[in-house]
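Below, chain A partners chain B and then partners chain C, in two separate complexes.
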Partner chain A sequence: MQILEEIKISDNGFVFNALTGESFSLNPIGLEIIKMIAANSDFDEIRKTILDKYDVDDLSFEKDFYEFSTMLKHYQLTQQNNPLNFV
Partner chain B sequence: MIKQKITLAVTGLNNTDNPGPGVPVIRGAKDSEELEVRVIGLVYENLEPGIYMENLCDRIFQIPYPSSGSEGLIERVEQIHQQEKIDVLIPNFDAELFSFMKYEKRLAEKGIRTFLPTLEQFQEREKDKLPEYGEKYGVKVPDSINLGSLHQLNEVASKFDYPIMIKGQFYDAYKCFNIEQAIYAFHKVASKWGLPVIVQEFVSGTEVNVVALGDGSGTTIAAVPMRKQYITEKGKAWGGITLADEKMLELTRVLIQKTKWKGGMELELIKTSSSDYYLIEINPRIPAWVYLAVGSGQNIPEALIKLALGMEVKPMKEYKIGKMFVRYSYDMIVDLERFAAISINKEI
Partner chain C sequence: MEKLNYEKPIISKITAGVPNKFGLSTKQRIIAEIDSIPVAKLADEFGSPLFVFSEKTIRETYNKAKQTFETHYPKVQFAWSYKTNYLDAICSIFHDEGSWAEVVSVFEFEKALSLGVKGSNILYNGPEKSEENLKLAINHNACIHIDHFDELYLLIKITQEMNKKARVAIRVNLDAGIYPMWDRFGFNYENGEAWSAINRIMLADNLELIGLHTHIGTYIMSALGYGIAATKFSSLMVGIHRKFNLWLKYIDLGGGFASKNTLKGAYMPGSETCPTFDDYAKAISNAIITSEIPHENLPILFLETGRALIDDAGYLITSVLANKRSTTGRRTIVIDAGVNLLFTSFWYNLGVFPSREISDLMEDTTIYGPLCMNIDVIRDAINFPQVKTGDRLVIERVGAYNVTQWMQFITYRPNVVLIDLEGKAHIIKKKESLETLRVNEFNPKR
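Entry: the complex of A and B
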């Protein structure tokens, strides 16, 4: 999964889609994850970073991550290639 | 740099909840670093807010509505010209454009320059001709029927699914979910704007717009795409943001190139969820949100004035993405004398 180049991510969690004019607010964890996705980290790297840093189990992380990824796709913040490719 | 002094006449000072483009056009002209603009405000009504705004117009004149006859309107402008020596005139209402286009040559002979589309360009983009326009220039447009009478509304049921859009020739559009609403909207639109009333297929998506300027030879001098962020009950943008949408810009450039559009224009588009663009309307003039283009780097009013004066204007390609405009209302306290002057003397 790749974040579109038109997406601008601010350090305060404000995300702006210059293609559609829509904007979104992310919480600190969401911001951390979207930044990792934007930096082309793969799923395993993101999982390791989050599991090392926060008190969360593998299953919960995976569930939340897929939900978050689906949301990014739904709001057209990512390149729409393979719909089954979550990372 | 020495600025060139010019006298600019502008209509559309009605900064109401359905704002005219006059005030932002003047703001853009006054922002120019090359032109020193003296502004003549031309108003139809004595309560147009632009009359009372400080440091906006140097002179104000009331002019007759074009519906009372083009000749009377033009004669009044010529009369004002004798007094004020107008260099450039920017009309900002759809309903008055026909008169100014028709008498463009006569005005030019007197020294009043305009930069308007041709009658052919103006007429072929009219709302009731949109399907033909789409086909001619290869642009997707919503399907539509022109209704000459209420009875024809029955055709709609067999052709479109609800909701549908009921539109007037010049202004007004209503989204209708059933036949009762459609009949009500038909009467409302027909009584105000006459026939035909246009029934348009409703295209679901995001409303996006482009403000652009064509030089009349096919070159796009300026183009800025925008998404309405806040829309009033009348469908007017009360807030908007510039976009980085190359497809919208390409569509604009192609249309201007194919039609050789001359003057300001606004493209109203619907972007569907599958990123298709449907052209729903072309406004043949600068829109009221033009100051967003000025603020994001493309001074369209200034460029239009320069084109009208025969000056060279290079195409503007850059603009700031993510620039926003937020409109507001503001109560001005004005003296009765000003209101009396425009009401009785027809000029200030």
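Entry: the complex of A and C
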């Protein structure tokens, strides 16, 4: 998953999409994660970082992460792959 | 190293013009306990979903209504509207407080009798009364509220055959400025039909006319409508006295007071907009007291108030089954209580609340029930905090109509409990089972 180049992420939790002009807000952990994604961390790295730091179990985080990335995709902040490629 | 508190990651769109609720600490109301019993404890003990009624709230609401009306009008008598909630335990509380029974079917009539209500304290309404039902009512000396001419003539015939007197009132429909006008029940006031019916009754030896009844509609937001109805009834009473030298014993203004629930499409919450008992009482008593009826002949005012007396006392505890995202990215949650248990969700934006402190992060959410049907939507849009599967939620103000109009569909109807005045919870209707559902089924192939 890659964040598009046109997406600007500010340190206080705001996201601006220069392609569409839309703005978004993040909670602190959302900001932490989107920054890791933008820095090309993969899911395993992100999971390890979060699990080490926060009081959350593996499966719960995986579920929340899946929902979060779905929303990033939905808001067109990430590169869109053809969902029917089944890769 | 001590780990930090975890909160699920969230991103939400900022919409220009519309205030973004995300991150705002609009404090989410929590319903953690009902009459001092923790919601989690109730659900653990009696299951989920679970209807919970508070005896304390029932008695307090009833007494508030009664006292309010009595400060405005000297003779007030409530008759509990069975169709609103006819669980034995609930009716018994109203009867214990002094309520008569208002019934609209022979099933409800028999239920009232079986709870010890005297026949003469039953108001028998509705368009569906067979010859057999009417005989039962006559034998118990009930107040029969006649709905149409066919029923009136049937009563004349039966009372002659039985050589017995029936105590009757007529149901009247009238223009009280309320729309829609419920003109399908009873005799119309404005076109003279009600007056004709009264004249016919006065000619019948075995019918004793004792009252007038109307029910101008339900969830009536205007106290004024009741004033208009009371004025029209006062004129009828004066007319009856002038012509027949008879003062009727009562006028019955039916039910219809709004509860604090919020109607769908309403901008402001019902708790802010619905009239108080005081507003209704003032409108009604002013109309009667300023009429030409002499003080010593003032009729008893009957009220068949339903939802306004019981909605607040009923809660539904439910559990979160799933969190989902719709194809539009909208947050949806699925709970274990569907519209089959919550008939009033078709009318109201019911209040749904978490039962414990969760995150302050609110998001516009759709709440679905568990039925495999598209119509099963409890709230189509509610600003709601993040919840997890298994979290208990509480839906408030569900005391009226839900436990009478609920439908058995694909699963069992749940336990209903009552928390008594000592704070003890009792099952007042047990969850259905395969046996109880099958008890009236027959299978010729086996």
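The rule is simple: the second predicted complex is superposed on the first by the 81 of 87 C-alpha atoms of A that agree within 3 Å, B and C clash if a C-alpha of one lies under 4 Å from a C-alpha of the other, contacts with A are read in each partner's own complex, and residues count from 1 in each chain.
Everything that follows uses one rule, which is that a contact is a pair of C-beta atoms (placed from the backbone, for glycine too) under 8 Å apart; a residue touches a chain by one contact, two chains touch by 3 or more.
Values in this document were obtained by computation on a predicted structure and should not be read as measured data.
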Simultaneous placement of chain C and chain B on chain A, clash or fit: fit
Touching partner for A:20 - first (chain B), second (chain C), both, neither: first
Touching partner for A:8 - first (chain B), second (chain C), both, neither: first
Contacts of A:43 with chain B and chain C, given as first, second, both or neither: neither
Comparing the two partners chain B and chain C, which touches a greater set of residues in chain A: C
From chain A, separation angle of chain B and chain C (C-alpha centres, steps of 10 degrees): 80
Partner chain(s) touched by A:56 [first = chain B, second = chain C, both, neither]: second
Lowest inter-chain C-alpha distance for chain C and chain B in the superposed arrangement, angstrom: 6
Chain C-contacting residues of chain A that also contact chain B: none
Chain A - residues contacting chain B, complex: 6, 8, 16, 18-21
Residues on chain C engaged by chain A in the complex (per definition of touch): 3-14, 20, 22-23, 323, 325, 328-329, 361
Sites on chain A touched by chain C in the complex: 14-15, 22-30, 32-34, 50, 53-56, 61, 64-65, 67-68, 70-72, 74-75, 77
Chain A-touching residues of chain B, taken from the complex the two chains share: 206, 208, 226-227, 229, 240-245, 271, 321-322
